[in-house]
Amino acid sequence: MNHLRIKQQLEQFLIEDIGVHDISTNAIFPAHRVGEACFFAKETGVLAGAEIIKTAYQLLDPTLQVDVHVNDGEEVTNGDIIATVKGAVRTILTGERVILNMLQRMSGIATMTNQAVQIMQPSNTKICDTRKTTPGFRMFEKYAVTCGGGYNHRIGLYDGVMIKDNHIAFAGSIRQAIKLVRHQLGPMVKIEVETESEAEVNEAIDAQCDVIMFDNQSAETIAQWQKLVPSSILTEVSGGITLENLSLYRHVEVDFISLGCLTHSVQSLDISLGGM
Amino acid sequence: MNHLRIKQQLEQFLIEDIGVHDISTNAIFPAHRVGEACFFAKETGVLAGAEIIKTAYQLLDPTLQVDVHVNDGEEVTNGDIIATVKGAVRTILTGERVILNMLQRMSGIATMTNQAVQIMQPSNTKICDTRKTTPGFRMFEKYAVTCGGGYNHRIGLYDGVMIKDNHIAFAGSIRQAIKLVRHQLGPMVKIEVETESEAEVNEAIDAQCDVIMFDNQSAETIAQWQKLVPSSILTEVSGGITLENLSLYRHVEVDFISLGCLTHSVQSLDISLGGM
Amino acid sequence: MNHLRIKQQLEQFLIEDIGVHDISTNAIFPAHRVGEACFFAKETGVLAGAEIIKTAYQLLDPTLQVDVHVNDGEEVTNGDIIATVKGAVRTILTGERVILNMLQRMSGIATMTNQAVQIMQPSNTKICDTRKTTPGFRMFEKYAVTCGGGYNHRIGLYDGVMIKDNHIAFAGSIRQAIKLVRHQLGPMVKIEVETESEAEVNEAIDAQCDVIMFDNQSAETIAQWQKLVPSSILTEVSGGITLENLSLYRHVEVDFISLGCLTHSVQSLDISLGGM
Amino acid sequence: MNHLRIKQQLEQFLIEDIGVHDISTNAIFPAHRVGEACFFAKETGVLAGAEIIKTAYQLLDPTLQVDVHVNDGEEVTNGDIIATVKGAVRTILTGERVILNMLQRMSGIATMTNQAVQIMQPSNTKICDTRKTTPGFRMFEKYAVTCGGGYNHRIGLYDGVMIKDNHIAFAGSIRQAIKLVRHQLGPMVKIEVETESEAEVNEAIDAQCDVIMFDNQSAETIAQWQKLVPSSILTEVSGGITLENLSLYRHVEVDFISLGCLTHSVQSLDISLGGM
Amino acid sequence: MNHLRIKQQLEQFLIEDIGVHDISTNAIFPAHRVGEACFFAKETGVLAGAEIIKTAYQLLDPTLQVDVHVNDGEEVTNGDIIATVKGAVRTILTGERVILNMLQRMSGIATMTNQAVQIMQPSNTKICDTRKTTPGFRMFEKYAVTCGGGYNHRIGLYDGVMIKDNHIAFAGSIRQAIKLVRHQLGPMVKIEVETESEAEVNEAIDAQCDVIMFDNQSAETIAQWQKLVPSSILTEVSGGITLENLSLYRHVEVDFISLGCLTHSVQSLDISLGGM
Amino acid sequence: MNHLRIKQQLEQFLIEDIGVHDISTNAIFPAHRVGEACFFAKETGVLAGAEIIKTAYQLLDPTLQVDVHVNDGEEVTNGDIIATVKGAVRTILTGERVILNMLQRMSGIATMTNQAVQIMQPSNTKICDTRKTTPGFRMFEKYAVTCGGGYNHRIGLYDGVMIKDNHIAFAGSIRQAIKLVRHQLGPMVKIEVETESEAEVNEAIDAQCDVIMFDNQSAETIAQWQKLVPSSILTEVSGGITLENLSLYRHVEVDFISLGCLTHSVQSLDISLGGM
């Protein structure tokens, strides 16, 4: 992640929670009181966002000392110490909630992504995300997906072309839609086409798109369509895939399966601050 | 919600997704092409965030016409039309994803909150939220909780005092912690104390705090402690409550039960844009 | 005060004054020229904002050395050195005006608040502020009030309920207004009611609000009404109180007296930079 | 004032006060309730900032109707209606405090400036402001000075050169300081020199600066020095001038007298919202 | 271009020029004075940025009426009227310079791009831009390139992979560098490789990158290398190409030629505001 | 330049280019890899913006070590090392493009300005800039002009009065326009008048403006008009001056010649990062 953007967004997040000041902590702890605490896991999962602890505390108080003991992408289990913090007690407590909110959500995403990755073993199919992220929080969520072993689809509407049913309907055909788009594209942008029938798959292949999405199809159908596609074109399965039904797609040999639930319906990983 | 803040944050959210421009849509649809579409529910739940549709589209293009058919807090079921939009097809498609991401997450929260509210019927205990929200998105999530029939706990660290175990440990006693805090408080701030034993409950009562939290206790313990508290002090149950175990607390007669999961581990409500 | 917000606002304040650059100082002093100077009081008053000196100079140049000799809330008199600064002369001079503008205004507020606090001695009545602050500068002004021994009323419209005459008129009665509000409040928000007659005071007591304000009443009337209010409800006097008439209210035994003039009509405390 | 900057700063000011929402007003008034109210003066003074009423309300709700009846710079007396507002009661009440805070402070400045202008009648000496403004609020305060008949000195450190004692000391002489500065200036920047002795006045005249400031001198001294200065150089009196001692300088015939108190120690003009 | 970003950046640009206010125009023209003026070309070129005129003036004053007579990408010649503006003279004059600065620079870029496109006729080679843009102004400059008939290369470091010499040196080989990158890429990102020898071209082909750049080579060399590359891989020529030497590459049959000078060394197109 | 504004704008510029992250570099270089590189000139010119290298890299990573070997305003020739950088290779490469874009453009402006300054030798006429700058980048461009030996005209519309033909036409005469303006000006603002005939020059002299501009006149005419102007009024030549025709004005003895081309039509100076 771009460190400058992390800092800018963290400032905003910390101000959202702290406002004019943390009245409880400032009333009870004097400014000079120092202490030590640690962030530790309370359940098993994959960590994402360890850098947040350091950056957030440094924004609040550059003299706070943070040691991170687990790398992003590594597994933690109940009781594992993720990081230790030493310094002003006020700062440690004031930053706690925002840091936990980020760590827990990001690690929840990494953990769920990793479960999806495990389910797909030993196939070569990769797990990827979607644009169904929490507004304002996309960079962190997409990064968390990679910590879990997943891959990022488009960052936004600006860095890849996705031709959907209503684009095709308006253009008249997949071929025509791709032609319109290619007419405006520089050398570095890929074109993906959503397909809903074998005819569309064939049309997309003929039009030489970069990626073909099989949208909302059964595993059987997908397995058949996949055989039609040359290796120079990537394939993606999307639409209604969850951890529950994911294993059905293990043998279809597509390149990517994208799961919206990785970012829109995730359980936080239980992480806590303690030992102070 | 403060309309000015909605607009400011929506601008940021839309720019996060659109970047320099929506290459797919702009390549295929000419600027003058108009159309009509609707946002509709694909499953049963409680709506939250209808105002977002209007505000987001007006930021992108003030000539777009948006009619909202369901109010926040009302139930929708599969197929219900939430809003219709008429105007430039480019704008309708470009704004779609951000609007859906907000509506789906907010309605997911409202729906889960409402389930919690239903479980607590017919007791007088109210459901409330926590500060365990997605960073940068708290205003929307806390509002969604109220759409589901829940109540808001503190907005942040600045608008209420919460005295926790480490505050008490440092101050020496609940009484001393409250004294320290009250010494700095104006007339409009409430003090809540986390208690973990009957002795602490009694101490908190003596010290005349405004709210007592029973932290991580069994329903039986809570029922007993609740009887000790005079009606002038509000009570709150917190810690590890989920939709699964919530019904255990239906008969304990506390004033509020707070659930972190309402905002940190929620399923999106399935909503879609269609009919164009 | 939240250090992150201090920094963000100071950046804005310094840029407001410096613009593209300080032409006078940059033309005369070479970049490498170092010097030493001090901020000192030119009249007697209570200091507020010492932290500003350090933070402002560190934003402009982290190598500048600032030593603060007086704590916020302490009295200074003519000639007292508040802080000494060593480092690049350019930076010392370029930051001077903004720092003085803040220190002087904040210390003026602390001084006036302290005068009010002294006037109320030896009663238990506390002095508090209002929302009548300079737009964009509220956090600093409310903090300055506490440096002078005063207390903060609401931070804004979001962290406390104030039921005024037109709310009551529309709702039909104080009881009905409180009922409407309480129906939407979580556990941590207080309700204050403005009263203008004994009947209203009694109604507010019956409706169990948290704070009763006696609005624009004579000291005699207030003394009488105060006797009606149980100790579980706080009382506040407001409306047209100044340092001139404040002593009239010394014996009325209310909990708080709020003064708009503390923030809307204050004299700066005379502070200067010298000795370079 | 630059309308774009007014809007940007008003957004910030309104969000400072409203936060996530106005809980009192939203709980009592339904969204559809409309009403009418007016801003009126409660004492005599000079109005400044009428445009704020319109702009602030339009930011909150473009359907609100605002009619302004008094122009900036005109006198108002107790009971004069400044503006009437029609529309959603919620919006009228939610915006009230920020608008009043601005109007009252700006009109307080205009009124005090006007008093200074009256005191100087019938001389040709003009009243002007300083950089001793409230941080973040300078544009509004400097504009208010012009509404009262005053003039603006430098906007900041970037649009005019002011050579002070420590500049002169370092450069070696006024002549040398001006030479250093002029060496770096384009055609559009003026140079003012602070003088504290007749010798300095003569040196400044010889060095052909644009403005000479007589710093902290008695009226008699100033009257003498003024005679030395050719009409091609403007003169300014500064330092410790208040409304109380201003009349002493009525006959010294300088071009400008600057008063820091116009912006750092002003009484708000009493203005209220009523009639709803 | 994303209309929301245009507005945000235009606000910043207008405030950069106008500051607190346009002293000249406000002093001379009364607020109610209306007039009419037009933007017209003073030399031949390709227009880019017509939308700026409307958006900028609407930010300053929504009642101003702007009619645009030429579309982006169309040729204008000396005397051609690009747009007419009616409304407050103050606003017309205050916005003039920023609008012209944008129109002139963007049209300069479009014109130079178009000259490059003409030079490459009748080959199929497309002209594209680079990341050598003016910081903060990239969106406008990249859009202007498309108005001139050119294409956009990467928007930034985030939407495409470019493997350069130092990447290759560190990774050990092109194959290894691509492997490292591909290991982290989702389905929608393209990989371009800079090549400086025939061996590198062959290695890049073997490694199946998406685009091969021939960096700083003679037209003859490029023509040879181009023959090695299969049609499934795009080719780009880059490095030191200007309008002067561009025609040398007309017959090399590559897909794209990128020119840094289109954005880093461009002549403004002469456009003026007149007729008022 | 104001260091705080440099940092704020650099943050924006770096985020514009880096977005969520630099995918190429992060995929190939591990975080701990350190290296060394240098910025060096590839052609002869005048350097401007050396401070940018340090500030940009410190924003990205405070541990990066930057040593600058050439001062702004000094000449560099092909091969000259401007600065060396040591530290994380990722950071060195990620910041490269934005730094080069700034250095190259700013040095291009300094170089062109210096050429103009050389052409005017040995006259006393100074070269100055205009407001024809790239929107959002003005502070950097105006600073670069001074590095080349030029001077800055107005920063914007707020720090100097320029009376143009349409101001004069509306006011009725130059005298009347100046009177209107002077009526609103404080002591520190200069007035410049554009003149297009000898009569206008004489009128401007009579009205005692501060600067007279000879707009779009031949060198002969200017030489004549210049003789009319007393030494207390500065003169400026403007309109269509380029490096090609500048020498024609060497003997006209005006104070300033302003060139729009210095900022609107400049060639970048070729600078590169290498040696890693």
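A, B, C, D, E and F label the chains in the order they appear, each numbered from 1.
Here is the rule we go by: a residue touches a chain if its C-beta (ideal position, glycine included) is under 8 Å from a C-beta of that chain, and two chains touch if they have at least 3 such contacts.
Since the model is a prediction, treat every value here as computed from it, not as a measurement.
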Could you tell me which chains make contact with chain B and chain C both? A, D
Cα-superposition angle relating the copies chain D and chain B, to nearest 5°: 120
Would you kindly tell me how far, in whole Å, the mean C-alpha position of chain B lies from that of chain A? 22
So, in whole Å, the Cα centroid of chain A is separated from that of chain E by 32
Whole-angstrom distance, CA centroid of chain B to CA centroid of chain E, is 44
Where chain A touches two or more other chains simultaneously, the residues are 18-22, 155, 158-160, 184-185, 189
Touching pairs of chains, all of them, please. A-B, A-C, A-E, A-F, B-C, B-D, B-E, C-D, C-F, D-E, D-F, E-F
Complex contacts: residues of chain C adjacent to chain B: 128, 146, 151-155, 158-160, 184-190, 192, 210-211, 232, 234, 236, 255-256
Give every residue of chain A touching chain F within the complex, in rising order. 1-5, 8, 139, 142-143, 155
Write out the stretch or stretches of chain E touching chain D in their complex. 11, 14-15, 18-22, 59-61
Within the complex, chain E is touched by chain F residues 9, 12-13, 16-29, 33, 89, 93-94, 97-98, 100-102, 104-105, 108, 131-138, 155-164, 166-167, 170-171, 177, 180-181, 183-185, 189, 264-268, 276
